[in-house]
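Order of writing sets the chain letters: A, B, C, D and E. Residues in each chain are counted from 1.
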Amino acid sequence: MADKSGSVMVLGAGIAGMQASLDLANSDYNVYLVDKTPTIGGMMARLDKTFPTNDCAM
Amino acid sequence: MELKSGSNLEKVLTAGHFAFTGELGPPRGADAAEVREKAEHLKGMVDAVNITDNQTAMVRMSSWAASLILLQEGLEPNFQMVCRDRNRLAMQADILGAYAHGIRNMLCLSGDHQQFGDHPQAMGVFDIDSMQLISMTKQMRDEGTFLSGAELHGVPKMFIGAAANPFAEPFEWRVHRLGKKIAAGVDFIQTQCIYNMERFREWVKRANDMGLTEKAYILAGVTPMKSVGMAKYMKAKVPGMDVPDEIIKRLQGAGKGKVADEGINIACDQIEEFKEMKGVAGVHLMAIEWEHKVPEIAERAKVLPRPQID
Amino acid sequence: MIVAKRKPFEEIKSMIKDYKKVLNVGCGTCVAVCLAGGEKEVDVLNAELDMARKLEESPIELGKITVERQCDREYLETLDSMVDDYDAILSMACGAGIQFLAERFAHKPVFPGVDTSFIGINQDVGWYEERCRSCNSCVLGMTGGICPVTMCAKGLYNGPCGGTNQGSCEIHKDQPCAWYMIYERLERQGRLDSIMDVVPAQDWRNQTPRTVIQPGYKKPEAA
Amino acid sequence: MISPKLVEVGRHTNINLITNSEIKSIEGDPGNFTVNLVNHPRYIDPVKCTGCGECARHCPVTAVNEYNLNLDDRRATYIQYAQAVPLAFAIDTDTCIGCGLCENMCIAKAINYDDEERESSVTVGSVILSSGSRGFDPSQLDFLGYGKHTNVVTSEEFERILSASGPYFGHLMRPLDREEPKKIAWLQCVGSRDTNRSGNGYCSSVCCMYAIKEAMIAKEHAHGDLDCVIFNMDMRSFGKDYEKYYNRARYKDGVRFEKGRIHTITEEPETGDLKVRYADETGMAQEETFSMVVLSVGLKIPDTSAELAERLGIELNKYNFVNTDPFAPVCTNRPGIYTCGVFQGPKDIPGSITEASAAACLAGGDLAEARGTDIEKVEVPDEKDVADQAPKIGVFVCNCGINIGGIVDVPDVQEYAATLPNVVFTDSNLFTCSQDTQDKIKEMIVEHNLNRVVVASCSPKTHEGMFMETLEACGLNKYLFEMANIRNQNSWIHSNDPELATRKAKDLVRMSVFRAAELKPLEEKLVHVNKRALVIGGGIAGMNAALGLGRQGFEVVLLEKDSEMGGFARKLHHTIEGKDVQAYLKQLIEEVNANEKVQVMTDARIVGFEGFKGNFATQVEVGPDAEKHKIEHGVIIVATGANEYKPKEFLYGEDDRVITQVALTDRLEEKGASDLSTVVMIQCVGSRNEENENCSRICCQSAVKNALHIKKLNPDAQVFVLYRDIRTYGLLEEYYTEARKQGVIFIRFDKDAPPTVEATSEGLVVTVKDHILQQNVAISTDLLTLSAGMAATDTDELSRIMKLNRSPEGFFIEAHVKLRPVDMPSEGIFLCGSAHGPKLISETVSQSQAAASRATTFLAKDAIKLSAITAKVDVDHCVKCLTCVRSCPFGVPIFNEDEKVIEINEAICHGCGVCTAVCPRQTIQLSFYEDDQITSKIDALLEAA
Amino acid sequence: MRLEYPGNVKIIRVPCTGKVDVMHLLRAIQKGADGVYCVGCLEGTCHYNEGNFRCRERVNHVRMLLEEVGLESDRVRMYNLSSGEGPTFAAYAKEMTEHIKGLGPNPLKNK
């Protein structure tokens, strides 16, 4: 038990990386979310709206 | 056989003649001459004339009053009474008064809803319904009592009529409705205008099968079409009306200026068939606002001369 | 349930135009359920009146209270200590409640805030339909549970009039013919015989206020 | 839509954001890796930076804005977008001239020019690679003229053009002259399905849908009639309900869809309009002019990801997507390292999210015994009882550096606040959100015995949670807090009018103080969580979900209605990749049976259900004797599967030679194909029609798979595939290419002119109109195979008992098509496999692992804290009019038959407040938004001025 | 986003426009506000399914009530936008303000 870490690293903070991090964090794991850019959000943060609801992506 | 009322219509029917009745709408005003003028066209052409009672819920000269004018003109009125405008007191009072003046035929109706007329705000009375009106009139005549059971002096011996609509849904029920009216005490029936002959034949056949045509006289309702527009209007807008497309097509095929004539042709064809139809005792011609055409129609329908029975 | 609807604002305003202090009394049962006269509608009406009177430079002081039922005297007791502070009373109850209120405070003018419409059912939120005219002689057993008095435009007891039109009433295409529905339902139940006989004329007696005493609840006669 | 997620990630105590960083190497073993990172300099300390933006406002250097795809400018000191997380600026040293202005302006002292590249390392048990993709760069395809003709833009650029936060503020304009375009063309498959020019043989899976969306939104934005044309080879709207969207665009919104291959794009010099030359379906050359052309660029893995994979020893396929097994779609070749999102393969947002949860399931599952060991537990002191105290309000006014203080006269506002009723303490701070100010607020709360706190600063959306924690930390109920947004709603808006801004700040503070006085302490109830899961359905989905939960250490009861497990997969033989489904199934069933956490009940039928998240109870009848069981559990995973549609079309059931794809697979296994000279396949049978508007997603690949199989068994056999659009998305495209190479003939038909079939004694004759030849072709065939779509399992009874919503087609409905693809609308209930919609085995596996992950987020907790913002009924006053019952969008208020009262279960109330606004007797109040709390603000604004 | 909009607009936060009560809107006008408007999510995208439709209905109701009272119904309006549309928010704030200026001050003010 002692030799297993309770942390996970997620590389890439787009929508997938964020979701993986949230699931893990909400399941009581510690998460390091690493991104190359200064801001998380990835590609989806650049979209205007998304189908099929045409909701604003941001 | 002892007659119930002794009216001309009753006599014609009991004698086994093919009855022919007409219709007259009283004026929207107090001018008696208007009634007399319309009556003039009908003289000698029909056995009795229905006098409508605030027809289409529009205020008109009262039905019994116009009936009196008709009597003065030597015609026999068929006094129509609807349940919409008066309660059982007024109705019984009018029956007594009408009879006192020599009115012998009565047609018992529910009446068009007030919403259609010129006073849609009016309260619809409907204290009793047409079925109950029939049985009330019969009770006055045959038992000599008011609806309440109290005895009356001077019994109004009316020949009691009612309307029937062979076309309304559900069709299966229509003959039973007729039976119910006969059970309530009706002597004769005038039907809704007939255009769908097939339906009507079926209805009469069922009435024959149930023995109803032996218990009351059925007068088939006929209204000649004046125009294609009228036919379309009746098909689309008039409740309870069944106008088959063939009728409209036949009128449309008549050519310019000949539509009305074709309308009369259709009516005459119908009357010819009714004359031969078992269970049909006559025709009720509703030439609405076309009273002056009645002589021509009667002529072409070969129902003249009208029998004279004393 | 009794269904009511708010009176036109102009009418209410003009009824109370001469009063400076008015108590608006809501009723917490039927009219609250039908969204016409509960706490919320009292508040809305008061806000409207307040604004309208201010605009007319004739400000009004409005009180509000909603009692459980205006047709029960115990609930009206709470008003005893209040009404004297006001010149007039507005009641958001049905006609019965308004009258009972007016009767209790006979020295005060009482005005109706709603029009009592009918006894009906709730089809959906805010949507009510009449089902009973409290005729006092129910024939629903004979008619398959469809009321010929309320549902037929002419209140006919012996089948439809000549205006019945492919299942619709002659007055409107969207209004089903009560007798058509009665026939359909009884046919399905195999009970058509129940409408084959002529129903005699109704007993419309008791046009004076009718009384019902539920059996088992009659008070012993005073000794 | 993504922004709440950004905030949640940014604020989560268990998530450490490491930005500007890359993985250098990973050492060690699963369960205990050391990850070495390279941290690139940001030059602005994200901890100190308050996001006030003064630095950027004073930066003299203009740089192109990559966020808006270079369509506009930003400063050298920048954040990407207003909602950025972390809300901290960075300096782009490529353009920075080092003038020092920003450093001078920064009151928080966050600027650090001397920042430099560092290395760091962390210890973790698992790693997830989700580095995503970027849009394909079309400049290498010179026939498209991208980079040469200004009005040719990529779809990514067009997204920014449409966006309200984009370079044109959401006005539809073309770049050249900023004129509104009249006609726009979208060109599909730019950098996808193209081995010749771009080298990318895969389908990017997302472009068809985003092109439709862009066309629809563009039409919405346009002021007149905008003509939108999408040039495509096949429209691939294969996702759940996507076909409906496509139909809406096509038939309702009037977007045109043209089959065609683009030859060249040339610019008309006078107008800047673009002439598109293309070959239509019949091969005829056509020409049409547009004001603007959008290139629907595909998804491409950046070289940096490939290099990373190389460093980490992760196998990639030839397109640099991670090599994965269809039965283990998120596992890389290196144990303990998982992947998800587009790095795994081209996919859309819901697909990425699903896979992310799947990766989380496995990554966490490896570390189940260490769960909770690396996280900080926040200790909260006991709450002071202030319910009966008169309000004592403290007001803290924030300068936000000079963001507020530079415009609003903060001392004046503070002074004013002190005059307001119930205010006993006021203060102003440079940055109220800074750690030292938090400590100061705590001190003041204690010192002045404050029982309400008002902070006048920025948006509650980002900062309310933090301040509430500060209240909690000194024993004050966190709902006794109120915020006045005097920055975003005031100083930023009215920077030109300081006087107005100061006046308005006073108004906003007054409104907040009045509301604060009305606030009540609220309790966030704890509901115990039963740590057992119920999985309904024992197919591939149900079994994977059960195993996923079992690995996480939770008990699972798995219900299967049949007498054995396996579901629809029992009828399948191989995947398109050639993997043996039956062997996999056998191994899966063994694994499930061997797992001591998983209890399997076969022949099980659900007969009763009650409860809510964390505490459900389900009654089941099990076995031939209908033995009754009551299962108590905390979560539910619905995995009831689907079946092949049973066709009514094309003589199916009347002629033995007409079979379905599933039957064809059996036939090929049993009898081979040596006796077949011709096989015709018809696509979209039972899909994309009036009865079932949706695409069944998998039938195109089934057809291609079987066609290839026939060709392998009997190369001389002729195979015809009659189709409407071939939808071999993602890497499946390769098999489609292979099938054509092997000589399989694909003939397209229109929905309105479907093929006809005639049975003759010699064979079946299938007639179809060939679009290329423009004439009818009659094909005599030995066998007609119908690509029957997927039909949902009959779940009428289940959905009634458990109150689960289904689409008209009978598939269960997820909570949100985009962001919550495996959650169901009721909390604690999850969905996976083809019960959600048609899908491949690999997709089913990842979706079921995702459902297990989502369920784990519930089961990991001993208790769930319920939101205190729920509706409450005053039952004494309630007339039970049922208005709330009928108005609640979630069916929460119910009439309790036993208690005879209207009841609102806090555990399932969403807190929207609809019921409170419809209640005729004002007997329902929404906590924290009670009527008095709202009207106090109205009154404060208008009355107490 | 720092988009200018008129200073007379003050925001009261609700979890969903479905929470906005007829009385809240009436009260604002009653107390002298020149105008009130509700800003809800775009129709069809309500997080709570239909709160914004309900709000629209209530706004219409209040407009009717104002007309009864003798005030301009157009002092109360409903706007819809999505959370990412800062510029649209500012545009609506301007539009509403301009519009209310056209109507003039609430006659109930200071009464």
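Please note the rule applied: contacts are C-beta pairs under 8 Å (C-beta built on N, C-alpha and C of every residue); 3 or more make two chains touch, one makes a residue touch a chain.
Treat the numbers as computed from the prediction; the structure is a model and nothing was measured.
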item	value
Starting at chain C, fewest touch steps before arriving at chain E	1
From chain A, the most remote chain by mean C-alpha position	B
Most heavily contacting chain pair (counted by C-beta pairs in contact)	A-D
Chain whose average C-alpha position is farthest from chain E's own	B
Whole-Å separation of chain centres (CA-atom averages), chain B against chain E	63
Centre distance in Å when chain A and chain E are each reduced to the mean of their C-alpha atoms	36
Distance between chain centroids, defined by C-alpha means - chain A, chain B (Å)	85
Between chain D and chain A, distance of the C-alpha-averaged centres to the nearest whole Å	11
Residues within chain D bordering two or more other chains	3, 163-165, 887, 918
Residues within chain C bordering two or more other chains	40, 43
Sequence positions of chain B contacting 2 or more other chains	none
Chain-to-chain touches, reported pairwise for every pair that qualifies	A-D, A-E, B-C, C-D, C-E, D-E
Residues of chain A defined as touching chain D within the complex	1, 3-58
Chain E contact footprint on chain C (complex, rising order)	8-10, 40, 43-44, 47-48, 50-52, 54-55, 59
Residues of chain E that touch chain C when the two form their complex	22-23, 26-27, 29-30, 65, 68-71, 107-108, 111
Partner chain E, residues of chain D touching it in the complex	3, 82, 163-165, 169-170, 460, 485, 489-490, 492-497, 500-501, 503-504, 507-508, 511, 869, 887, 889-890, 910-914, 916-918, 926, 929, 931, 934-935, 937-939, 941-943
Of all residues in chain A, those that touch chain E in their complex	49, 53-58
